[in-house]
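Down below is the structure, laid out as structure tokens.
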Amino acid sequence: MQIHDLEQHFLSKIAEEIKIEPRDWMPDAYRKTLVRQISQHAHSEIVGMLPEGNWITRAPSLKRKAILIAKVQDEAGHGLYLYAATETLGTSREETINDLHTGKAKYSSIFNYPTLTWADMGAIGWLVDGAAIMNQVMLCRTSYGPYARAMVRICKEESFHQRQGFDILLSLSKGSPEQRAMCQDAINRWWWPSLMMFGPKDSDSTHSDQSMKWKIKRMSNDELRQRFIDMIAEQVKVLGMTLPDPDLKWNSERKHYDFGEINWNEFWNVVKGNGPCNKQRIAARKKAWDEGAWVREAAAAYAAKRKRNTQSSTLEAA
Amino acid sequence: MNNQLFNYLLHLADNTLILSHRNSEWCGHGPVLEQDIAITNISLDLLGQARNFYQYAAMLTGNNATEDSLAYLRTEREFKNLLLVEQPNGDWAATILRQFFFSTYQELLYKQLIQCNDAQVAAIAEKGLKEVTYHVRWSSEWVIRLGDGTEESRDRMMVAADELWRFTGEMFIPADYEKEAGISGFGVNVESMQQDWLKKVEAIFEEATLPMPGAAGYMQRGGKEGTHTEHLGYILAAMQYLQRTYPGCEW
Amino acid sequence: MNNQLFNYLLHLADNTLILSHRNSEWCGHGPVLEQDIAITNISLDLLGQARNFYQYAAMLTGNNATEDSLAYLRTEREFKNLLLVEQPNGDWAATILRQFFFSTYQELLYKQLIQCNDAQVAAIAEKGLKEVTYHVRWSSEWVIRLGDGTEESRDRMMVAADELWRFTGEMFIPADYEKEAGISGFGVNVESMQQDWLKKVEAIFEEATLPMPGAAGYMQRGGKEGTHTEHLGYILAAMQYLQRTYPGCEW
Amino acid sequence: MQIHDLEQHFLSKIAEEIKIEPRDWMPDAYRKTLVRQISQHAHSEIVGMLPEGNWITRAPSLKRKAILIAKVQDEAGHGLYLYAATETLGTSREETINDLHTGKAKYSSIFNYPTLTWADMGAIGWLVDGAAIMNQVMLCRTSYGPYARAMVRICKEESFHQRQGFDILLSLSKGSPEQRAMCQDAINRWWWPSLMMFGPKDSDSTHSDQSMKWKIKRMSNDELRQRFIDMIAEQVKVLGMTLPDPDLKWNSERKHYDFGEINWNEFWNVVKGNGPCNKQRIAARKKAWDEGAWVREAAAAYAAKRKRNTQSSTLEAA
């Protein structure tokens, strides 16, 4: 087939909602977009372990500690699925990780904010995972098969995490005045960064159009953000807390909540590497990787020895 | 309430809680993603065991005790864990070896606890044994892999062995509550397990081409009776901080 | 009570307490015995200044507040220190540079505070200034020595500068209580000090043959208003542990 | 003068209580004994910083923190005086420190016990410094001039430290039941190791005889130990605490306290390196030294550069 025919075939599959699979022909730009997006997503899971990992040793009850450890571990698992998905596109895990460490690849900027109190574990679960799910539910229907299937698994766990996060805040909201203050403070700090997670406004988003056509994305940034706001604005009432946006109010015509202006300066600043924890996060990941080098080498050396031994004993037995 | 049973349960609980704590420090910082997950998994298993023991101890002691009051509101001198499990993570070799020493011990222990005359202890041990069997396999494989891997990994394993060996003897020197556990039958007198433990360690060290640490080395002790190394205080300062700062709260 | 004065005093106290804490972590672990003594000395000086500010703040606020209740019973979100002073010690280069950046700022600050209209603040500053003048000299000498020492020491200084520079801007962005301090005259609006600070830093960096960090770099902030880096929580967990564990005791 | 005459001269000085000074002739064995003893003493100060340093960041009040920091710093200062005294005998600080790290040189075994609670800061001050002072007061009259003079300075500060330690325990003894228990517990743990600080019984002491003749030592281990026990047995009453020795009681004939048998097995075990913290202490010192290597090199390189520059500018000016 000619390139042109291949592309037609590819596009008709997309139109018919047939998943693209690793061995299928796909446009270079589609592959590139996927590698960028999936690896960014994988990195977000891995870097995302750090802010929550920060409270594992200080969790205030054994039950909460167990839930938190399991949650952070799930994120490592998600990272694995997603690195595997990038591998189906011909990019090795090492390459992918290297791009993270050099700053070539990005991860979700939300993880460049510090976790300052225990309530942040709740706010991250509720708001950050909540925002992530909006995206991820959409991605369960993304056009690339391995990515869509990874997302189905991930989504199940994430909605669980969101409920756990909400539950942390719910306990705090029913607690002492200090706990209630801690709860409100965390919501105040995480609200706006969560809204930024959906990316720039549609009018300023560079990659969106093509991704929509290829059905990698299936809803726009602004649509997802609005859905999220509508959901959270209701849930926050259950907590008896408020969202830190004086302009937030129900618009009965639009059937949506109106909301205030997002500080896009802050958003771009953090994307550019100037967030409170960008340096710290990458340094922690690099440190783990560099200090693990001898372990990976030893494992490889041992595996090679074993292979040689098995081969030679197979020969001897033959 | 049987005070020695209570102490015994705290000892079993503290061991698993503190090692869980140490392992959880790796979460997000492991040398390979798969192993980050594995060590975190072990941390979770141990935490689960700790909770079972604390819950049972809390039930026995009454006084509104809970798993959390036992974990978060006792001070350093009241903790009864082995010195081994509170040692710092060091590098991956030290973490692996600490786990191997402890899991091998724990497997022998739980196998006997299953037959003890306290149904609750036996049930906890039975559930835990499945997990511990996996911990032994996983850590054994890593001891072998690192011992017989590269020159560097081998050196690091020997450094780790030199560092940790002196904390292994304590496992088999019974505290009063362990003696009582053996006599009354609600648990195990650990003395009897030492030979089996040594045999297993020797077998794995041999496969790992590692020399056995000097068997005659002097052994540190005290953890079981609440005399710890200087490391435990820092663990508790972080672990208990919220409970201490906001007393009496629900989380 | 003037609430902004109270906040201002806490800010001054927290800065010195937290940097004292960091420096005290070196005690017994310094690279040369003489410098172990020197950094510990600075730690002591800063602790003394912190106590003076806390005592004054406690007196103003009443409510049975003491220097200890202010230091030991406030939580992370209530601490008002600069992000710079809570950064980990890193190596000797990072410790030296952190001290140099801070002491240079503090010298300018205290020189102005001496003339403020609060007699107590002025007196504390006057006493502290003698100490700080020495801290500036000592840390300047070390910046020069390491910058112009070996290739390794120079590299380490550049790494330290890259790491710490983003925390220096906060010193000169006034919090509300600093603005009020300038207006009411009980303290200093720090904005005015930035140029002098830069000049001093440039002069020492030049003598140290070190390049100045990119002046345009983005600056972190928040500490003065209680939004810290993740490091402060661990400092407080250790520092406050005893007071939290045994509430209401005399020591 | 012949060696024999030199030795006579030396011995007559000793007899007449004239201090031996660095440039004076002295027997090799005298010099060796001094180097061993003074460097051991210096190392004890430096290693002794570690157990107390362990509580600096956790001291329970600002006042106690300041006192503790100052105290540990004083120990560093004592280390300096004593390293300087060994230098007068022709041994460099580097050599001396190296002997510590390789295990060739010893330090007081007491510092191989861990500091487990805040009360240990009190017990160390009261008991450990108290025992040290017994020795040090005697050493203020030791025959080697620089050592004796260092001791005079050290003694003043040490007795201050002892009072501070007692004061910590006094506060605890007047405090809550938990504080009182903490106080008694620390006394229980530090009492016997303190008694061991005076060294083996006179009948088992190897170096003592010659040292007494040279007036390096001026009282025997057992004499000093008895003095210490007599003092502490009285002071403990002020605290309302007890010493953990059922055999301790006043002997009105001897005009001394009788006391129980010391566990010499434990003593020799710790001396041999098997104490709870021997490995940890040496590892901490080595780490500080090794990680400080680049700092010392940089300082030396800079000093050398400065010297060259000064010389060349002097030449130019000439």
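A few comments on the model shown:
Which chain is which? They are A, B, C and D, in the order written, and residues in each are numbered from 1.
Everything below uses one rule, namely that a residue touches a chain if its C-beta (ideal position, glycine included) is under 8 Å from a C-beta of that chain, and two chains touch if they have at least 3 such contacts.
What you see is a predicted model, and the numbers here were worked out from it, not measured in a lab.
Greatest centre-to-centre distance from chain B is found for C, with centres as Cα means. Centroid to centroid, with C-alpha atoms defining each point, chain B and chain D lie 37 Å apart. One simple way to say how far apart two chains are is to compare their mean CA positions; for chain B and chain C this gives 41 Å. If each chain is reduced to the centroid of its CA atoms, chain A and chain D end up 57 Å from each other.
Of all residues in chain B, those that touch two or more other chains are 75, 237-238, 241. Among all residues of chain A, those that touch two or more other chains are 58. Viewed as a contact network, the protein chains fit none of the simple shapes, being neither a path, a ring, a star nor fully connected. Inter-chain contacts occur between A-B, A-C, B-C, B-D, C-D. Contact residues of chain C toward chain B in the complex are 75, 234, 236-238, 240-241, 244-245, 247. By the touch criterion stated above, chain A contacts chain C in their complex at residues 51, 54, 58, 114-117, 185, 189, 269, 272, 274, 276-277, 279-280. Residues of chain B that touch chain A in their complex: 17, 21, 24-25, 27-37, 40-41, 43-44, 47-48, 50-51, 54, 67-68, 71-72, 91-92, 144-146, 148-150, 152-153, 156, 235, 238-239, 241-243, 246, 249-251. If you check the complex, the residues on chain D that touch chain C are 46, 49-50, 53, 56-66, 69-70, 72-73, 76-77, 79-80, 83, 118, 168, 171-172, 174-176, 178-179, 284, 287-289, 291-299, 301-302, 305. Those residues of chain C that touch chain A in the complex are listed here as 75-77, 163, 166, 218, 220, 222, 227-230, 233, 237.
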